[in-house]
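Okay, so chain A shows up in both of these, paired with chain B first and chain C after.
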Partner chain A sequence: MQNYQFHGPRTVGEALNILSERGDGCRIIAGGTDLIPALRNEDILPDSVLNILEIDELTGISEEGDTIRIGPTTTFTEIIQSQVIKRSLPLLVEAASSVGGPTIRNRGTIGGNICNGSPAADVLPAVVALDGELELQSKALGTRIIPAAEAVEAPYQTRFNRDELLTGILIKKLPSETRYAFEKLASRNAMARAYMNISIVLKLDEKGAFSDLRIVPGTLEAVARRMSAAEKILMGRQPEDSLVEEAADAFVGDLAGVWIPDYKLPVARSVFKRVLKRALNGSGVE
Partner chain B sequence: MAGKEDKVLLRMKVNGEEAEVAVKPTWTLLRVLREELGFTGTKKGCEQGDCGACTVIMDGKAVNACLVLALQAESKEIETIEGLGTADALHPLQKSFIEHGAVQCGFCTPGMLMSAEALLRENRKPSLEEIKIGISGNLCRCTGYTKIIKAIESVSQKNREALTPFRGQ
Partner chain C sequence: MKKRGLGVGCMFYGIGFGFSRQDISAATIEICEDGSVIVRSGEVDYGQGSDTIFCQMVGEELGIPYDSIQLITADTFTTPNAGPTTASRVTYVTGNAMVKAARAVKETMQSVAEDILGEGDLVFMDGEIRSEYPDKRISFRDLAKTCHARGVQIVETAWQDITTKDVDPETGQGDAYATYGWASQLAEVEVDTETGRVEVLRIIAAHDVGKAINPSNVEGQIEGGVLQGMGYALTEEIVQEGGYLKTGSLGDYMMPTSMDTPRIDSHIVEVADPDGPYGAKGVGEPALIPTAPAILNAICDALDIRVTELPANPENIKRLILEKGKEEEAS
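Up next is the complex of A and B:
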């Protein structure tokens, strides 16, 4: 590993000062499950490393009206065990449970999963499907809030300024009867990088037609985004088999030729249909 | 602020005892445990967080010591396999691993035991599925998983309160 200075601030204010002074050569570390291997492989060569795990303001889950605020250093284990998340955002529990194994989930954080910007992130697509927002702070710009969907520009590259710190993940509670499903396809059930994952959030109206639908795959593209072509086909209509087939065609049509090789498209198509069916058959949030 | 080359003093508790070590900012907890403090029971495997051989318990949670920077362990309580039991006073999990033949080459064993101990502290009677998830971050390349799972299950079925408490507590 290249030598670096280690900073261990206790408050957001101190962290922002350090970032403002050393923005360019400074890497933020939380759980380190992605960053430490990258440091060891010398994929990244920072001058300084800023540990944010000792900043109390950055951890924990709280309810602010109809919004749930998740501190960026909240671990996957804490998300899985949170009654608030289980009740209001169960999709996040499924996504967080699919990450690594217990030791990784005990260290890895939701903020790290977002800021690392890996195309194979498991939780970031779920946050995008939940229409999550990110609160960023810096000395230069103060506080700004951006949609989670805009966080990542390219693999391992966020749109955050170098002096900005992610200080909160804000997600509106799902309205009652919202249904959801998450599935990860990987070489084995634990400690595996996703071949693909899909997060789906949907709501049906009183006639059984889609009144809300968000489909966000991970790993199938460089950056997680909503699959608007498939969403458009389904919105306002009832989930009949022929329509689901049409949506599945649109789903893979949206992906084809860009990031994943063609031979994976039939698998993506089949996983998409399975996850959609699971979401439709699910009982939904109370 | 110390320079990049300088060592920094790290204070933590290892197996119930205070430890003070001068460490480089690039060192991991694994390196400090093994090479500075001599706790070589914690194994160095992949150093990528994939194999679980370096599993220790930090502030009550099982973690990969190779994925913790030494300076992130400041003021933390670390428990290693050396704190679990001794040759004269084996921990119930260690006894059970021996009784069930759950040790082959032995390289994964310390990590397996620490993961199992962390699991049983949180969940006294885990289901078979929960045990499998509990050790899903630990690779056994001898593939002796069945006996390892049986060994953990056997301890979980006994009354944990009657068992020897962790030495460092």
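Up next is the complex of A and C:
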């Protein structure tokens, strides 16, 4: 049993005050599907817990010009059900749908998925593939925006300052005809931690060559990142079979620190090709 | 590539403890003055549905609705010892104790009814005791009241003993169990050769249960057993590291979820057992025993690979596929 102080602010301002006072020993709870088990297992021993679920301004999905703003306490279920996300960022719907089961998706939030920094996160790699940005606020630095790709430094460790709060996930709507695919491989169909997931976003020019390509695996490496070696091989060229094989080799060759490599490396090669094919065969966003 | 395969698993399984191990059960049935019925037995229903079928059996014997029976079970303070809910024995042993006790009570009540009505050949049904003449009948409730008024004992305890002889200690030969359950299951699987993942598409399960006292319950038992067998075959694994359990929660120990559940076609086969209550015998454990062999045979049919280590999870299947590829290359 742990003892910690519990904070339940109603506004971002109050939350930032609390974080600036208690930053170091304070953990933020934004749904609790990761934090509560970690508390129970005593993996973490915070001296205070800050609940941000009561802060109205941190939840919900809105359109700001060509950008979609997602509040960090928006649940996976809300993302899946959002018409805006379905229309403009369908990749995010696929990634969010793969999380846990209905109860987890009703409770877990996109901000929690990002800030927990788990190598096995399902949604964070998709946000990175969508070139998402994170809005952070603190009393010390005010508001700053960083790429989602830079959010996590090491497993379960973000690059945020201790007094900073994630206040928004900002993702540009995908240009028309952008194609995408997400696939998760796990030992069962729900409530499973993945062996791997792969998010791909791509666009072909009028000649059928890659004019945009973002490949982001999850669970394979400690921190989700774009696989630039494979992207470089494909960019500006047409997706011919031999080139895809070359890119698949580069994709696997680029991977470092993979757990159970005997299984994951050959399988990752196949799953990469499969996801790429699915993305290429997809109709793309309107 | 995705490859499909079919496989069959067959089994027979001893019901009860067998091998001369003591296997007894008991039930007490009390008819109250107002005609309500209280059944007591130490047998525990932990989800398999024994409470339901006990009420069905007593209701069947006494001609009263099964939902009018009050059941008190698994309470050492008030119920007779019925042994544990294990060994797929409960329907077979305790079911017999129920029927015996109900018949004993009924016999007493019947003789009182014969005396009141002045008729023989009475039938207990729909809450009444009927003769062949419509005007000569009595309600179960009135009969119970009369029995109490006359001081007739209508509380009975029945004892069922299915302890068997042991097998020959020299040869191991003999009939070790009181009866046996028989089953065959057929599995259809699809194996993703690239990821090693096995998807069970369909299980067809045929089980000889003697007599299905409650067909819905039996189907439920079969479906639950199939899922347990599927987990055993494909995903469930106890992992220890340095003596510490690494799979100590249902987040780590991978049981199948509803999303993994294949189509399950249950076929209830009824070959009445001469000693079972209404011919019934157990199905609890038999439901899961043939599933893993059927799935592994189906994997073998799909891949021409014999899996000899469980679970047949993606990692293990992929390893076997890669090993086979290397062997074929070498030869």
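We adopt the following convention: the second predicted complex is superposed on the first by the 278 of 286 C-alpha atoms of A that agree within 3 Å, B and C clash if a C-alpha of one lies under 4 Å from a C-alpha of the other, contacts with A are read in each partner's own complex, and residues count from 1 in each chain.
Everything that follows uses one rule, which is that contacts are C-beta pairs under 8 Å (C-beta built on N, C-alpha and C of every residue); 3 or more make two chains touch, one makes a residue touch a chain.
What you are looking at is a predicted structure, and each value in this text was computed from that prediction instead of being measured.
In the overlay built on the shared chain, the residue A:29 is in contact with chain B alone; chain C does not reach it. In the superposed pair of complexes, A:189 makes contact with chain B and with chain C alike.
Contacts of A:270 after superposition on the shared chain: chain C is touched, whereas chain B is not. With both structures placed on the common chain, the touch criterion links A:101 to chain B and to chain C. When both complexes are overlaid on chain A, the residue A:262 reaches chain C alone and has no touch with chain B.
Overlaid on A, the two complexes show chain B and chain C touching the same residues of chain A, namely 37, 101, 189-191. Interface residues of chain A facing chain C in the complex, by the touch rule stated above, are 37, 101, 185, 187-192, 195, 260, 262-263, 266-267, 270-271, 274. Taken together, the chain A residues at the contact with chain B in this complex read 1-8, 29, 31-33, 36-37, 39-40, 47, 49, 51, 53-54, 77, 100-104, 106-107, 189-191.
Listed in rising order, the residues of chain B touching chain A in the complex are 1-5, 8, 24-26, 28, 47-50, 52, 55, 61-64, 66-69, 71-72, 74, 115, 118-119, 133-134, 136-139.
Across the complex, chain A is touched by residues 194-197, 234-235, 251, 254, 256-260, 313-315, 318-319, 322 of chain C.
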